[in-house]
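Structure record follows, encoded as structure tokens.
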């Protein structure tokens, strides 16, 4: 996380940093995690015995907005990484902050959506749609939340410093991998759940 | 025993003898087990014939691999075990041999696959036209059988005619159970929310029932969830359907008549149906219309006669852990009446 | 997976100006807008679904390749990640097709109100 | 916190207990795993003894139905998740760095955390007995039996929470091991020079990394079904119990290779060393291992032939399942090829390895038998399956682990286990094992279903059940002999020397037990069997330099604290939100401490 892990600094066989490698393998694992959740959602498509059904609830314009927000957060994230790598501390901090804010906005949209759906009668136990939708998007939201915490810790940690080393850049880089991954998962979810009628 | 000359021959003969004798003894034990009441190696229908045809191929091929590997393992252990002055040959592999060692297993696997595919196709094909339709529903922990054709609902004892295909529709009322009659049909699960199918044509009629047992773990009394299949002649089967479709016999003895009243008074009617008794329409328990003519009660774990019936009514969960039929705290006298009544329901 | 040693990644280098990243962001946005447009269009269902899936795959690849700069990393990382991704996709496809062609007359999918679980006689 | 630890000048201020609690040394953690795994093996074994005692005679009265069902469920869970996997992880921990010539794993503190989380998972699962509500739905917990309608007590919640926690531990350690093997190899140690044991570890790590997420999702869904009113696996609102089965076995089948591959790796190390010749067909064995790993993801529905899978899926899954026999056969033949032409030292480790070949083959071919769906119609859920699983699990996995114990004990402790008693113990285990599990084939053939707490006398099952029960008591003697052997050996002086077997791999190039930094000088690897190459080419061991300046990561208590946090979160999921919240706070504190702690 925030501070340096000197324990893993030494030379590696492949030249890839251990932590970066770890993150990529972890993301491979996450593919299976979200793959199973998405499978569940698709398998239960059309299996809801009672409403409300997706067509009754899903609000594409609204979610398109939040999708756009998340997409932009990827852009700000990559700029934060860029800042870190090019030793532009201000850029990095600003962009990290922007990413965090965008992430929070996305979460806000999600909270709004959940409450709205619950209001319209969709709960976890209502039907298959409710169960698989809330579980999938809820777990995605949890990932976004963890990401926000992760980035916030980086920001706090960087506030105590005014220079940036390679190490710090790597931390931002790795956090970025996680953040982008959560974003692409949303790309898939958005297409499969919202866009495909 | 050594790695060359006579020592080597002794090693080969010894290993061969050990593995040979072992295999023979195991074969005897297998043969012996194949001869037990619930044996899976006694095909008595087209379905199990199909299975058995594959099973034999698979079994003997597996046996061949077993014998070969055991033989080689023992032989190499004897031949190459440490000895003064011997030197281990240093080699890393042998590509030609490797190809062979992949090729032979591939052949074995194909030899198992071809008959398997054939039997899959046969046993999952649609049942022939004119098959007897039966609906089997799994309950914790008993089997319900319906014959839509005859309007029959019964439990735990399935009657089918020899020579006619029986098409069974499998459902479950609660958890997953499995329908398995080792000598008549390979198992297929009864899954809640799904409808499964299987069919088989019994070879010959016989008096003795085929034993069967639920084969998917389904809770406390999974071990006590058994059933029986009677393969009757065409004539006997038709008698059975007539008798079973009819209303329940009217109780004759005084005791039995009192039992009929008790049956209502004790609330049995809430769970059990007795055809012809308009009050008894319950569906939670087995249909008891002709319980008196069944050979067993409580899904095949007790023989059907007064004494076991008495035991059952006195405390079902004691006979069958977890039973969904509660202990109704019946008095000795009530039980006697009920037993007389139930045994009269021929 | 890791058949031989990989010392260094590809020759290409990640974007070196902010402009390039912003452009990528713009492309992603454009694709999203197109997708949105598609989902409201009256194209035949099959075509629309394939287009949508195709476009989101493109977005996926762009983010992974450029934002996560996988394209400019050691090829080992690509292989490791792709292994998980492809496996997940295969299992997803297998599961979905097993359920959508379920041979057991699953009750799910039957219009509401018809049959719930095994019939109660 | 202690200062950086070199070879010289350990600072011994802390108590021994504190040292073990805060250790980040992969060898110490390996020992922790080993002891924990073995303890759980005894617990699982005692459960098995109770099961067999109940089944010794028809209509047994030792256990009632409810307890029996808890026991066989917990027996399987304990053995698989808390005994074999940790014992496998124990050797991984201890020997990955030693085998590849590294000073430690890539993430030492994460490694410690994995252990504490695993222990938490084990405690959660096992503590269910204290409440009399152990899981009782079988180890694969088929819905809807495991839903709150049919299993209203807490048992299945212990199951979901315990397994998620244990799974988290395995995920973390697998990530760690994968990175270590990819990235921490000694100079010259290319992938194709890795010891086979490392290859199998590598495959296992990926199997876990890619299959655990699937079971985690399934467990979450089951937890939601039981606690939050969803119906993923019950027909209530359109859910489907078959989905659980698919998700479980998508994980479950790779999992069985997770259990067997480490033992296959051990056998591939022991046989060449004891035969005094290189492994036959290294490349083929490695490829076969990888092939098993990949194919293992495509066969899961062979556990579901009887669910009404349909015709085509039966074709597909039986073909893929049988195909797995081919790479596995390659391994078996190559082990035999390794023995061929050797000068085999008949040590106890060799006995266990040879036993492995014979017994695993028996289990493997019975596996191939039920790979045929029609045959499986007669096998599924019968004792034939129970015979299969114990031949592969006990005859395979456990035999391999015992081989490894005898082989590596001198490396880990500097002492050789007693060979005579070791061999006597082996014969008890070998005979006991066959007596217990071979008759189960006959029982299966005679139509005895599994998971039944009682059976009638007139079914022809009594003889073989009785024999099987005798067998397990012989097994108990064998295990006790082994424990006695370990106990006696540990009291003797360390006289084994660095390399008692004339080993080929790097762990034998350092002292026994190895120093904390493993190697004074990290060796250069020139061949697959580096030590033999050096021996044959008269390359001397590198000299120990006069001044060693090796910085090892200092001990840390944050893994333990984070582990406690996760334990609290788990306990909270079983009881009250307040405890979960406390757990989150503890975990968050630990993460910060972890991140800010200096690691030099």
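As written, the chains take the letters A, B, C and D, and residue 1 is the first residue of each chain.
The criterion applied here is as follows: a contact is a pair of C-beta atoms (placed from the backbone, for glycine too) under 8 Å apart; a residue touches a chain by one contact, two chains touch by 3 or more.
The structure presented is a predicted model; accordingly, all values stated were derived computationally and were not measured.
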item: Which of A-C and B-D has more C-beta pairs touching across its chains; value: B-D
item: Chain occupying the most central position, where position means C-alpha average; value: D
item: Inter-chain centre distance, subunit B versus subunit C - centres from mean C-alpha coordinates, in Å; value: 45
item: Euclidean distance of C-alpha centroids - subunit A vs subunit B, Å; value: 51
item: Centroid spacing, where centroids are CA-atom means, of subunit A and subunit C in whole angstrom; value: 15
item: Between subunit B and subunit D, centroid-to-centroid distance (C-alpha), Å; value: 34
item: Multi-chain contact sites of subunit A, meaning residues that touch two or more partners; value: 13-14, 16, 21, 25, 28-30, 32, 35-36, 43-44, 47-50, 128
item: Overlap residues in subunit D, where contacts from two or more other chains coincide; value: 182, 209-210, 214, 235, 238-240, 242-243, 250, 307-308, 310-311
item: Where subunit C touches two or more other chains at once, by residue number; value: 5, 76, 83-84, 87, 91, 95, 99, 102-104, 106-109, 116-117
item: Touching residues (chain side subunit D, partner subunit B) in the complex; value: 64-66, 69, 137-138, 142, 144-145, 150, 234-235, 239-242, 275-284, 306-308, 310-311, 314-315, 318-319, 322-323, 325-326, 329-330, 332-334, 336-337, 339-346, 354, 357-358, 361-362, 365-366, 368-369, 371-382, 438-439, 441-455, 458-461, 464
item: List of subunit C residues in touch with subunit D within their complex; value: 1-5, 76, 83-84, 87, 90-91, 95, 98-99, 101-104, 106-109, 116-117
item: Residues of subunit A that touch subunit D when the two form their complex; value: 1-8, 12-14, 16, 18, 21-22, 25-26, 28-30, 32-33, 35-37, 40, 43-44, 47-50, 123-128, 130-132, 135, 139, 153, 157
item: Parts of subunit C lying in touch with subunit A, wherever the complex brings them together; value: 5-8, 15, 18, 21-22, 24-25, 28-29, 32, 35-36, 38-40, 45, 48-49, 52-53, 55-56, 59-60, 63-64, 66-68, 73-74, 76-77, 80-81, 83-85, 87-89, 91-92, 95-96, 99-100, 108-109, 112-113, 116
item: Residue ranges of subunit A in contact with subunit C within the complex; value: 13-16, 20-21, 24-25, 27-32, 34-36, 38-39, 42-44, 46-51, 60, 64, 67-68, 71-72, 74-75, 77-79, 82, 128, 176-177, 180-181, 183-184, 187-188, 190-191, 194-197
